[in-house]
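Chain naming follows the written order as A, B and C, and within any one chain the residues start at number 1.
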Amino acid sequence: MTALSRLIRAREAGLVVMLVILAVVVGAIQPRFLTVGTLDIILLAIPLILVAAMGQMMVIVARHVDLSIGSILGFASIAVGMMFRDIPEMPLWLGFILAIAIGAGLGFVNGLIIALFRLPAIIVTLGTLSLYRGLIFILSGGRQVDPNHIPEALIRMAQTSPIGVPWIVIIAFLTALLAYIFLRHMRLGREIYAAGSNPDAARLRGIRVNRVTLVVFSLSGAMAGLAGLMYAARFGYVNPGITGVGFELTVIAAVVIGGVSINGGIGTVPGVVLGVLLLGAVSVALPILGISGFWQDAIYGAIIVIALIVDGSVRAGGLVRLVTGRGG
Amino acid sequence: MTETDGPLVETRGIAKAFSGVEVLHGIDLDLWAGEVHALLGENGAGKSTYAKILAGVHRPTRGEVRLAGRPVNIGSPLEAQRLGVTLIHQEPLSFPHLTVAENLFVGGEDTGVLGRVPWRRMAAEAERLIGALGVTIDPQAVMAGLSIADQQMVEIARALASDTRLIIMDEPTAPLTPREVATLFDIVRRLKAEGRAIVFISHRLEEVRALCDRVTVFRDGALISTASVADLTDDDIIRLMIGRPLQEYLHKEVASLGEEALSVSGLTRGGAFTDISFSLRKGEVLGVAGLVGAGRTDVARAIFGIAPAEAGEIRIHGKPTTIAEPDDAIAHRIAYVPEDRAIAGIFRTLPVDQNITAAAPGAIAAGPFISPRREREIAADAIDRLSIRLASVHQPIGELSGGNQQKAILARWLLTDPEILILDEPTRGIDVGVKAEFYDRINQLAAEGRAVLLISSDLPELLTLADRILVMSEGRLTGEFSRAEADQEKIMQAAVPRTAA
Amino acid sequence: MSATETFDAAKARPLWHRIVVRPESVTLLLLIGAVFVSAWLSPFFADLRFVLESATFYIEFGIIALMLTLVVVSGEIDLSVAATMALSACLFGIAHRAGLGMPVAMLIGLGSGALMGLFNGVLVTVFRLPSIIATIGTMVLYRGIAQVIAGDRSVGGFPDWFVGIDFIAVGIVPVPVILFVVLAILLGLVLGSTLFGRQIYQTGTNPIAARHAGIRVDRLKMILFTASGLTSAVAGLLMASRLGVVRYDLATGGELQVVLIVMLGGTYIFGGRGTIAGTFLALWLLIIIQTGMTVANIAIEAQLTVLGLLLILAIISANAIYAGGRR
């Protein structure tokens, strides 16, 4: 095995180890943590993050970042929530399609501005984060969509399914599976890695880098849109000022912990899934340990910073030498 | 596939100009299937530019390329690949995070958005292509984990994947160990036996002799001679490479050399240079000759504190000195005019005057504040003395010609009143008239008692200016000549690596 | 060969062109336009006192934007400014509540801000992380720590002299506005007239050439990040004074406002260009636009649309102008 793949495996193994340590330590202090019920809670905590993280990881693998997903999530959920409210006979599946389409459209706008004007994604999506959030208020008139207007069938998706595990959990893992197939087995998926790994070489080899940019932002938006409908299912309401606010930071945290390099070209779906699970486990462990939920963001922040430092050291060659025992 | 009755590639009158300066003048050259053809020449002779035109990286300004008798238009590397022409870069242009198999096949023809990646077929095909080269590389390995030699093999395999007829290798052996070179040669011979044409660019005569059938020498952007390797001795080749009539420049007055200004001993940095020792006296111009990649610039960067040496000692006026940052070097009155002006020299969008005063903040400031009047005066004075041609001192320096930019950088360093001046290819890409001005200037600086370290690939330039010439090859000092004993041939003999493969 | 390709000797732009066609001029024109339109729409805007009073809501971000201009000109960015504001203000509030006395508490607030900036600088210069992503990490971290130490409560109980600095005025000019103007003049001098300012431009234009010219690029960036943290802490104290309490979610989303002001002032996102004058004008432009929208009864949240759009248009137009100047 080569240095890099070893390193990637090391990251995935490391995440598994951290999950185990977390379970053992928290379980020792509070045995309640090691029950099937906890797993259920964790699984219910992560679907939104998991879905959006799949889109975000594609963006980051392609050497960009998308800060606007929280607002896209909010916009898609408000728009579709209002449709459910105003057209009660609208079928559920149409709602899903609309949420995904709206998200993809907003993401496409991001990609278009970035590719067309060659601007840094982080500033553009900081702008659209605000722009889309403002549009949410204009669209909704500042009013939330109340639980009695969210279709009951949708809310049930967050509670149950024929096989016991709630539908939204199934959808989330299906999305991850599709992302895995896309990134691993489809030509366009591999082009995302190529464009992020070495954009100049990618251009010379005839890969259309601008198309990659449009695709990753559209997909990131689409998945944020899907997460928006899952939000409505999970929480039973959609609020213009709450839904999706700060969501992007949690998702970026999960992706960075999952071993996706902010310098592009590196990152796997299993790694990101583990990163999401770890974040979910932390968020569930805190209340069980009696630690205030206020700790959560600080811990997320610390994890991001540490993951970035590790990532930076990897690039500097320190860890490659450590893992392989040979000079960088 | 190739007609036996004519050359595979014919180039007629290929010329290339960058921004109006012609660097390649009408190259007529035939390449035959089943031959290994060496391209030789000094740095900047035009071999690489020619190779890049064949590979579709550059478009020729004029001239025609015929492939198997048919005129072709090679507009991009992708088209070159389709036509069966591949350029193997010295540092492989690959995707470090992807696997070997993917590096072989990514890009290429567009099978649409939803095309599947045939991992299994790719792996099998990669296995076959790499196996055909007689080397063992795991197709599933990630590219960044391979040695440079293996990465090169992957590039070659990629060429074969697209059924390449002409493979151009630009100094492929430079980063390889002798054993790896031997493997590469076996493969090249096999490719040749299969009836492909190979262009082999190298500085190493032994390798050319061991591998190539014919050799073409480039000089100053022109094709000098094509001949069978067997018909030429090493000395013939070197003479062809340098053979221009010696231009008559005025040799500088033999200066009275002062005391030692700078000496280094045992200077070493892994992978760049090893055990470099020399000393430089006041009033002396010490030339450093060598081919690209010989480590000359690395030594200069170490002395100037950009990438300090790992071992060895630098003494300034006899005192051991630590230089960790350019700032330290400047404090010791060292100046460095870098090789790559665009990257390390100019502040492209800033005005000329600010570029000139950049290294001498003390001269334009009263306390922390800049005195615009003093800055203007100082800049105007420097512009006047070096006759820099510009529209206004407020012009962004990027709007100036290359020669005038270079003068501005020299002016920047003269403002620091340096005792030790390191000039790295100071006249590269500068037209003849300005060059002469630079020569006068360098002579004058030495006459003022400054110590000058002059790195140059232009041998006549070194012979004109230097009191003494050091030669570096592959990171080591391989020769030292006084002005009296130095000539182009001796310098080239020392500069060309002759280690057998 | 690449050296040969850079020899283009493009024709010099005439001087007037160089002086007039720059993003700051656009900002100034927009500002003049905004003043006329708003004064025409609402008599409020003809009243300077009203404009100055409204300004106090935005001054804190304006102060940070002044310092961030220097950071962006040097080729970096700091997205953790609003989180730094919140954490330093919370530390200040808690220190005061713990009975440490106002001077000590304020020192703790300011010192912690400087430390947070220093930490950003370490991530960028020692660990070589791109500041754009490193400061997103610290943005989450600092805000998270603020939440840990302050919880969901408002921390208040400050002495009367501290609260309500925005109501103290010299003539009709509120003290925070004076502070902003003084800092603008100060930083304008630093960036425009000192060697240090010159080195900031040079570093942002070409960090490699800057190092070759003897500039200690890493040290310079470290200073700028630390100063950015310190300035954010000052803004945090101002906000604490204006609100009378501190909370962990103080100035949430403030990084958008700050980056918007800097970009609106024509500072080049890729570094090397920009002026304090531009940022100074941009703050007043933003004040008039936002106050105008408020007067026109547009909900604060809906105003986000305009802010986001402005940010994107500002970078597109500044980019276009600078790209045009390069030809």
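The criterion applied here is as follows: a residue touches a chain if its C-beta (ideal position, glycine included) is under 8 Å from a C-beta of that chain, and two chains touch if they have at least 3 such contacts.
These numbers were taken from a predicted model, which means no experiment stands behind them.
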Exercise. Farthest from chain A in C-alpha centre terms, which chain would that be?
Worked result: B
For this session: Return the chain pair with more inter-chain C-beta contacts, choosing between A-B and A-C.
Result: A-C
For this session: Using mean C-alpha positions as chain centres, tell me how far chain A is from chain B in Å, no decimals.
Result: 46
Seminar exercise, completed: Per the C-alpha means, the centres of chain A and chain C lie apart by a whole-Å value of 30
For this session: Scan chain B for residues touching two or more other chains and write them down.
Result: none
For this session: Using the touch definition up top, name the residues of chain A that touch chain C in the complex.
Result: 65, 113, 117-120, 122-124, 126-138, 142, 240-241, 249, 252-253, 256, 262, 292, 294-302, 304-305, 308-309, 311-313, 315-316
For this session: Quick one: which bits of chain C touch chain B in the complex? Just the residue numbers, please.
Result: 1-13, 15, 18, 189, 193-196, 198-199, 201-202, 205-206, 208-216, 272-273, 322, 325-326
For this session: Provide the residue numbers of chain C that touch chain A in the complex, in ascending order.
Result: 79, 123, 127-130, 132-134, 136-145, 147-148, 151-152, 248, 253, 255-256, 259, 263, 269-270, 299, 301-309, 311-312, 315-316, 319
Problem set entry | Residue numbers on chain B that touch chain C, as the complex places them | 18-21, 23, 48-49, 304, 306, 325-327, 329-330, 336, 338, 340-350, 354, 358-359, 361, 364-365, 368-370, 390-392, 394-396, 398-402, 412, 428-429
Seminar exercise, completed: As the complex stands, chain A meets chain B at residues 1-5, 184-191, 193-194, 196-198, 200-202, 204-208, 215, 265-266, 324
